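Structures given as structure tokens follow.
In the two complexes that follow, chain A is the common piece, with chain B as its partner first and chain C second.
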Partner chain A sequence: MKKPYLRAKSAFSIDEYPDSASFTAGYLTTSNGGWRSLRPRPDASKCVMCGQCYLHCPDGTIYLDDATGSYAVDLDFCKGCGICARICKPRAIAMIPESAV
Partner chain B sequence: MSGREFLSGNDAFAIGVCLARPRVISAYPITPQTVVVERLSEMAENGSLDVDFIHVESEHSALSCAIGASAAGVRTFTATSSQGLLYMAECLPYASGGRFPIVMMNANRSIALPWNIYGDQSDSLSQLASGWIQAYAQDAQEALDLALMSFYIAEHPKVSTPYMVNLDGFHLTHTYEVVDIPDDSLADEFLPPYRTDAGIDFNAPKNMAFSAGPGHNAAFKYRQHAAMLRVRDVVTEAEARFAGIFGRRYSGLTEAYMTGDADYIIVTLGAVSGLCRDAADALRARGVKAGVLRIRYMRPFPGDEIARELRGAKAAAVLEKDISVGNAGAVFTETAGVTDTPLSNYIGGLGGEDIAEADILEIFDDLRAGRGGVRFLGIKERIDEESR
Partner chain C sequence: MKNLDKNEYFFGHKACAGCGGALAVRIALKTLGERAVAVLPAGCMSAVGFNFPQLAFANNAIISTFAGTASMLTGIVSGLRARGETGFTAVGFAGDGGTADIGIQALSGAIDRNDDILYICYDNEAYMNTGVQKSSLTPFGARTTTTPAGDRIRGNIREKKRMFEIVAAHGISYAATASVGYLRDYVEKIRKAAAVRGAKYIHVLAPCPTGWGTGADETVELAAEAVDCGLFPLREFSDGKFRVTIRRTPNAGAIRAHLARQGRFRHLTEEDIEHVISLTAARSNHL
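The block that comes next holds the complex of A and B.
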């Protein structure tokens, strides 16, 4: 449930690319959260820690934040589909227009 | 399983694959490749080949399955033909882009419509851009030898690219010849077990068959292209090694026959090459300087070799069993890109039509008379006049 990380290195020389399409995870990943028009905003005071948002997120962007102990959203990859907000029984996740952020 | 036997091209190839000891074979039978699949499944059944033989429901699944097996890090083989190759087409660049060194035998066969089960080269030549190494055998012995060499070349760390061995449907797959079968232990000496760092390893987990966006995509294609170009040197290395162990020599990406001083050269590929050499012999006996250049590999394309062999000739013709409708034969188009020698194109053997020595002699006659353009053997109308 930890946040997936992008490795710091994103520029490669031609000799550093693998001779296959198999490689240690985390490289070559292009963050694509820019598609999003609505942003999920979890409210920890309403959250019952059921983990349904984590289970249902189609992009695996929900994670447990080590610092707060609460669920958070990886905005590098969240597309704003709102499934987490719909599945949340206590309605702890609001969808906020990106234009209002 | 060694000595000399009277074998069809398919039988010879199956024995070559058996000697290479693949761990997984996934294949779907299709005429005229069926015999290869039958022989290998018999070997799996009677225990002479220790392999997981996976019966799949289609060619798309056959290659998908082979990709999975290769990704797991084992030597993998499949075989197909014609519509089967086209049904696999989606998976071909998956295998080559993923750099999975799968070996596939393709029995060259016509593609529909009109429906036809006989041999021509339309199937594989439609897939030149798929990223696979493409070799064309001319006889059953070369088919067996390529079955062994293909694994060596495909799996070579400098290459790591899938390899398609093409046998002319029926003309080669179903024609019987005396074939030397290598001794098992010599085959093992030639071809060591497959080792890769790219396979599945629970101690070093990887993302497999990943995506690469606009920022990184070209780098993968560049490296894939560079690896394909390295095949030329690895073929030389493999053939030297092969000659050292088995005593049979091969000549790299092309095979030149009396081209050195030739005025007129036929460039061709596959099983019809022997007939072209017979015709050249007949012409030489009459004082005509005829030669034949056989293309053994279409990928990587032997541009340097072709340019060198055609230099100095008065005219050359490409004889091939395919037509890229609306242009010319695919081999002609590529050959024309590397030579200044006047070049014409003969489309023959479509749908299994026989090519006779008289046809070859007629091509040489046309070359001597300075007739060019694109011609279909057996059709007297000329397309360049037709289209006006």
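The block that comes next holds the complex of A and C.
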């Protein structure tokens, strides 16, 4: 799966600014994980693999993990909105306060 | 839905948690794939997608002038054709203000020329990017910073502009309304539109937790509810004919509940709510 990803470099010096109006697509330098006050925790044993959480995530942070075969959350970019937990019919996603993690 | 592109083309953006517009853009790009060229005017999705040096789009994307989404789409189609490119989709994502107020003449011109473009209006019912000002797609009664709720005037006194009918009145090749609460229907309409040669328009309802005064997790539910209670009918226009794709009879109780859960409608009196219900019923008869 391809998606925009975090680059190691986070700051730019003035002579590195592009000299035209175009720039590399899919270039990220900061994560959004710190926005979150609640964290989704999917429970694979309750999951029915309908993929509704993956479809409805406005940030596209839920993905099918090929290693485990179940849905996982990219916590670098999840903002903790809770749409996934609400859309989930079998209630397999719990929203846990970040302070409790 | 299973054969939707697995790649993410709109990811790592700075939209508020629970953004309906971001969901609409993400799903549209997953449907259209890597060969989509996105054009975004000033508005939420350009403000959250392009924060130099970040670029949250994985496909080609460009910011246009506020009024020029559709004309830039025309230019991109002609430019890519001149370079011999094929198999691409030029897609525009403009908000309700960028479509129904500021960008309407460029859109009208592009539809008139029947250029091969797909224009998607993500409708969050006000200028949310600049702090919730009324647009012509703000519904009756909604409180915004420019239509505040007081004793004499309770929010927006005007009805929502009938943008879908205006677009259809051009005799456009394909137009549809959609909702992020009905993603399957939305994806089907994008696929249908992408297969048509000529100008296409999709109007997608995209709730905004910040501007609507609702919880971040309620976005999808609200978008589905707006369709179910009859406030936002899902329709299609092609070959000169209107069709309703998901038919719902307006339900006064459901409309009442839908309005009551949104902060922007909390000030409405019984009389105002009756007015919304009668407007909805009248529009439904018209369908």
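Note that in this section the second predicted complex is superposed on the first by the 86 of 101 C-alpha atoms of A that agree within 3 Å, B and C clash if a C-alpha of one lies under 4 Å from a C-alpha of the other, contacts with A are read in each partner's own complex, and residues count from 1 in each chain.
Everything that follows uses one rule, which is that a contact is a pair of C-beta atoms (placed from the backbone, for glycine too) under 8 Å apart; a residue touches a chain by one contact, two chains touch by 3 or more.
What you see is a predicted model; the values in this text were computed from it and never measured.
Looking at the shared chain after the overlay, A:1 reaches chain C, while chain B stays out of its contact range.
In the superposed model, A:24 lies in contact with both chain B and chain C.
Within the superposed three-chain model, A:14 lies in touch with chain B and out of touch with chain C [touch as defined at top]. Judged by the touch definition given at the top, the superposed model places A:44 against neither chain B nor chain C. Applying the stated contact rule after C-alpha superposition, one finds that A:60 touches chain C and leaves chain B untouched. In the superposition on chain A, contact of A:86 is made with chain C only, not with chain B. Looking at the superposed arrangement, the partner reaching more residues of chain A, out of chain B and chain C, is C.
By the touch criterion stated above, A:96 is placed in contact with neither chain B nor chain C. Residue overlap on chain A between its contacts with chain B in one complex and with chain C in the other: 12, 23-25, 28, 30.
The residues of chain B lying in touch with chain A in their complex are 71, 97-100, 160, 198, 204-210, 212-216, 219-220, 222-223, 227. Residue ranges on chain C touching chain A, taken from their complex, read 1-2, 4, 6-20, 22-23, 26-27, 52-61, 180, 183, 209, 215-221.
Those residues of chain A lying in contact with chain C across their complex are 1-6, 12, 23-32, 35-36, 51, 55-61, 64, 77, 79-83, 85-87. Listed in rising order, the residues of chain A touching chain B in the complex are 12, 14, 17-25, 28, 30.
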